[in-house]
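Have a look at this one.
Labels for the chains are A, B, C, D, E, F, G, H, I and J, by order of writing; each one numbers its residues from 1.
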Amino acid sequence: MSGTFLSKSEITNLLVQAKQERKISFEELGKAIGRDEVAVAAIFYGQHHASPEDIAGLSKALGLNEDQLSYQLSNFPDRGSDVQMPPKEPLIYRLYEIVQNYGQAYKAVMNEKFGDGIMSAIAFSTKVDKEVDEHGNTWVNISMRGKW
Amino acid sequence: MSGTFLSKSEITNLLVQAKQERKISFEELGKAIGRDEVAVAAIFYGQHHASPEDIAGLSKALGLNEDQLSYQLSNFPDRGSDVQMPPKEPLIYRLYEIVQNYGQAYKAVMNEKFGDGIMSAIAFSTKVDKEVDEHGNTWVNISMRGKW
Amino acid sequence: MSGTFLSKSEITNLLVQAKQERKISFEELGKAIGRDEVAVAAIFYGQHHASPEDIAGLSKALGLNEDQLSYQLSNFPDRGSDVQMPPKEPLIYRLYEIVQNYGQAYKAVMNEKFGDGIMSAIAFSTKVDKEVDEHGNTWVNISMRGKW
Amino acid sequence: MSGTFLSKSEITNLLVQAKQERKISFEELGKAIGRDEVAVAAIFYGQHHASPEDIAGLSKALGLNEDQLSYQLSNFPDRGSDVQMPPKEPLIYRLYEIVQNYGQAYKAVMNEKFGDGIMSAIAFSTKVDKEVDEHGNTWVNISMRGKW
Amino acid sequence: MSGTFLSKSEITNLLVQAKQERKISFEELGKAIGRDEVAVAAIFYGQHHASPEDIAGLSKALGLNEDQLSYQLSNFPDRGSDVQMPPKEPLIYRLYEIVQNYGQAYKAVMNEKFGDGIMSAIAFSTKVDKEVDEHGNTWVNISMRGKW
Amino acid sequence: MSGTFLSKSEITNLLVQAKQERKISFEELGKAIGRDEVAVAAIFYGQHHASPEDIAGLSKALGLNEDQLSYQLSNFPDRGSDVQMPPKEPLIYRLYEIVQNYGQAYKAVMNEKFGDGIMSAIAFSTKVDKEVDEHGNTWVNISMRGKW
Amino acid sequence: MSGTFLSKSEITNLLVQAKQERKISFEELGKAIGRDEVAVAAIFYGQHHASPEDIAGLSKALGLNEDQLSYQLSNFPDRGSDVQMPPKEPLIYRLYEIVQNYGQAYKAVMNEKFGDGIMSAIAFSTKVDKEVDEHGNTWVNISMRGKW
Amino acid sequence: MSGTFLSKSEITNLLVQAKQERKISFEELGKAIGRDEVAVAAIFYGQHHASPEDIAGLSKALGLNEDQLSYQLSNFPDRGSDVQMPPKEPLIYRLYEIVQNYGQAYKAVMNEKFGDGIMSAIAFSTKVDKEVDEHGNTWVNISMRGKW
Amino acid sequence: MSGTFLSKSEITNLLVQAKQERKISFEELGKAIGRDEVAVAAIFYGQHHASPEDIAGLSKALGLNEDQLSYQLSNFPDRGSDVQMPPKEPLIYRLYEIVQNYGQAYKAVMNEKFGDGIMSAIAFSTKVDKEVDEHGNTWVNISMRGKW
Amino acid sequence: MSGTFLSKSEITNLLVQAKQERKISFEELGKAIGRDEVAVAAIFYGQHHASPEDIAGLSKALGLNEDQLSYQLSNFPDRGSDVQMPPKEPLIYRLYEIVQNYGQAYKAVMNEKFGDGIMSAIAFSTKVDKEVDEHGNTWVNISMRGKW
């Protein structure tokens, strides 16, 4: 299998278009390949290395040629190059704002609880859950788990 | 009660020094005033508005003059002005890196789960928990809960 | 319906060209689809999510294929990515200058009137009205309404 | 009357401390000197030129020496130098975000309504009002009026 | 008349190429359409709104299709987006340097002469004249006239 | 004569305070030392080298010790270090905006009129004049003259 | 041999694609042309000048036309233009973080050991080795050697 | 033990002055406290957490009060906040330049050797060695060892 | 002669390719057209205005169509827009570093030798010479000559 | 000898004040200590390591205490941290502009003359000479000599 490499945003577009035509959600894709939905989305945006099993599963679920997808995803991901910082997108900005406002508090509490060190952003997993409280308000719950 | 306002970092130093001399942890302070430890640290760094009850509790726990503390904390917080972005501090950088790398994935999954909108960074709470897995590895668990 | 996604500026061009050929104003478009004219312009520039009704109305008013428009506008908007900050465009710069000069005053007054918190830029609507005063001078009136 | 000029932030501190000791609101100050409350706050932050009448009124209301205040406020204001852009403060950031997201829509609608030109940020006035809707939700209403 | 909009730099190229082929100067163009030569150049670079009369005159003088030019210039100009600041081009940098070095002096003198306010950059005209002094040295004279 | 050098802003403050106490205008200072008022202001802000005659004249007009002033102004000026770019001050921003919007037009016209080269910002003089037109509107006229 | 020059990233893509199709590693390429593997990768990314021998060896190993490769690589490299700083890619960021955190310590130790001077980044070689410790943990060993 | 916290640069100055008065090298300090000399320098610049043993050893070797040093070094380090990036200091810039030029090559080789992942900059040690080659040229050898 | 203008980098590529195919050096080109080799290179990179004689000479030496080259080079150069600052290219960075490190020393010495003023970067010429010293070391000698 | 280290700008002020009181030029200082005048100025601004002989000579020529000066200059210089880039000072900006405009031309000519490599900015010397041409015009001649 050979040919020109697609750029990261071209690969994202390829995957998003296939997903949209199949009307399949990240949650369904996650179930289809045995991964959390955020991890699937992270593969879409070039932030996760896709294993051969991931590629096989995604090809099948999205109706894409497995050889072609494998060829395009075969390089190790060049993570992190797509979001402009500070983010202009309001939803992503809110996450950025949390780091800006709570960064020192997180550090102070973590150092107190764990001693000197850092939380890994690579040996790391994350989930997003939806909660509706008793007043009918919707809340986002983000869980992050990183190795110390 | 009157006098010159301390700058935000002077207030932080005042609180950190008192905490260090009393050898009291954020967790203990949190219990003393009925707040999560991250929220206490956020007050230390000027990111949370301290209620009169918070101020009374902190004054007592830290051995600080309540009137003086109340006067200094009486303005609404000028949040977010202390962390330089991108953060140079490695631990805070890791949180920033998560936003940079997972920002689009979070947005894609949240839009799919919740529709159009954002997660609030103000109507928001967060916790840090420590986990030791079966291999003895330590993991940080961060939970964030924000209104949609 | 399938095909390559247009970039945000390509969609803007598509809509602006159709509007210009039809010689239809934002005000007329707003009336046609039951939205304020600023909201219509915000859809043109990718800052508002267009509902199926919005898309149906715009397609009709602008003579565009509804399926194609729906396909292109079906993703949740990636808001905020088009204006370079600080704005070089003089009219937009004046709005930016208002934030720069009055930002602290707005914050001080809002905190005093509303307590601690923020005004939402998402649960938000805005209007632009024209006023001619008794001396014949023209004034712009901008109204913004955001949830606290 | 002579002496060293205070810096802008020292003048702000002087005024805020006096206001806080007197427990007087911007609204009350505004009524005392016949100005809108946002304009009063703008004088506090060095964004408005204070007229001799403003200075006389503020001195009286805040219990400050009029000669001293007049000397310190006698220079024309060096507007706009205090808010760091993009703003890190969440409330001010929301206003900035409105400009970023709606800037092109405002320009498109204003050009259509008013022709070529700009809205002045100097021949300009603004107000902040509080609204509680039928569901008990609080809304901020900002009105801006600028000469075209 | 319809079709794809040219970008601002494509329009500039279109006009500059026509001007170059016709070997016509800005001064001659200015006389042809009854505008100052700097204003003509500003239209070329997308900084002035071209009236129907301007477009008719330029089409004739430059041998361009009037309908096509009108269609391309029909949008209100997105002023100011083309010069990178600080300017790398030496001649434009010299003008920037004047603002940097003399900015405070201009402000101090204008405030003293005119009171509080600003000079408009929109209700504004400017000219460039050539002077040869008695020693044979060439001088540039720039005149700017802006509404206070 | 010896001692610690004042910083540039301390020298500015020294001069501005003396000017304010004497209630003398830049225009009057200019006449007193035989210089244009903008040049006087430029000396105040450290943008012009002050000759011994300038220093003698200013000392006399402002009631400052000539030896002390001479010692402080004896270094060659470190021009241009005080205005933050882009300027946040609205009046100075308007001048900056003129360069941004008209920069290419000025260059195009100057190259056409003068050939290849630049206008000096050093061998340069400038004046500010006030004009009231027949409708009672006030206009600022800035003249700049720079060697080619 | 003639034709259009490829851009640096096009040359990188050309080489990476050939390498991937041949399933040949940097280590194997290094052995094939008598160079360290990091040096080979640096040629791929336009950071090393490729000698005629390097080009001959790479052409053969990668199955590329030697004349064409020679033509494209014949210019002296425009080093350093491809990594955005600060790096968004997490692995490269970690190296950047080492410089940020240890920079002063390196300087202090080097000045003490070597006196005043610098370590060359041009007369420089580097290697990457893999180490597995007694607990089965993998470590990266980077060696850098630069002329003082 | 209590009192005002010194800033990071004040602590650095305190340590550097003591070291200079004692005429003791980083190498000697390293031997005295059983640490590599680069690690000692990193403690001086606030980039390493100093253990109680480190503090005891440094106090003794440098003739500083152990209680005072312990109090000042008792907070977890706020790493990385002192080097301005890009570094203006030539020696540190050379290290930065290595990351800029070799970053992609390091990543490519490491991904090939180690698979997907990163090298830790925290579980990390480093050494600097001096080499004189057969021609009398001096070379710096930097070794870095980070966990994968 | 007419047609689309090439961009500056396209003109550079055109000239570099012709030079490379003809295997002609800047020094030879300089002799062919009676210009210093640095000036020739500066024309290649769009930093010098090419006179009709320069264009005639270059066309002949490089085998390019004179009319076409004249048309493309007929605009006055938009100098300085191609090097990203700070330069990432190591050789150009070294020159930048000289300005950064020696800038104040140059200014201090020039002011002392020449009085107040500047050295022109426009009325300016420069040369590069090669020197081999008695130890066989190669040195670069750069001479710059600018009008005061 | 001990005490608090002066900052780099405090050392510069100390030296400049002594030089000014003694009315001694850089040229005279250079002759007094056997160094070029630019090198002397570079020591004043913290860009050169001062040898014990330099310190002895400067102390004598400037009437400063040698022990004190030695103590303050005993650290290796933290070069390059004082000029803000891009430089706002017009004279230093002209040197910066030369790098910006001629950078690529210098690189192209040096690569052609010297092959691949760089010119050192550390193994480097420089001189400034004054020339008056036959028309009475003054020219600055800068010579730079750096190892290849």
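Throughout what follows, contacts are C-beta pairs under 8 Å (C-beta built on N, C-alpha and C of every residue); 3 or more make two chains touch, one makes a residue touch a chain.
Just so it is clear, the structure is predicted and the values come from calculations on it, not from any experiment.
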Enter the minimum step count from chain B to chain I; a value of 1 means the two chains touch. 2
Intersection of contact sets, chain B vs chain E, gives C, D
Could you run down the chains that neighbour chain B and chain D together? A, C
Report the chain whose mean Cα position is at the greatest distance from that of chain C. J
Separation of chain C from chain D, taking each centre as the mean of its C-alpha atoms, in whole Å: 26
From the mean C-alpha coordinate of chain D to that of chain E, what's the distance rounded to whole Å? 35
Chain F and chain H, separation of their C-alpha mean positions in angstrom: 48
Centroid of chain H to centroid of chain J, CA atoms only: how many Å? 29
Listing for chain H: what residues touch at least two other chains? 79-80, 86, 88-90, 93, 97, 100-101, 107, 111, 117-118, 121-122
Taking touching chains as linked, do they make an open path (line), a single closed cycle (ring), a hub with spokes (star), an all-linked set (complete), or other? other
Pairwise, the chains that touch are A-B, A-C, A-D, A-G, A-H, B-C, B-D, B-G, B-H, C-D, C-E, C-F, D-E, D-F, E-F, E-I, E-J, F-I, F-J, G-H, G-I, G-J, H-I, H-J, I-J
Using the touch definition up top, name the residues of chain C that touch chain A in the complex. 2-5, 71, 74-75, 78-81, 121-122
So in the complex, which bits of chain F are touching chain I? 49, 76-77, 107, 111, 115-118, 122
If we count contacts the way the header does, which residues on chain A are in touch with chain D in the complex? 86, 88, 90, 93, 97, 100-101
Chain A contacts chain B in the complex at 25-27, 37-39, 41-42, 44-45, 47, 79-80, 82-83, 85-87, 89-92, 94-114, 117-121, 124, 126, 128, 130-131, 137-148
Note which residues of chain H are touching chain J in the complex, please. 13, 16-17, 20-21, 84, 88-90, 93
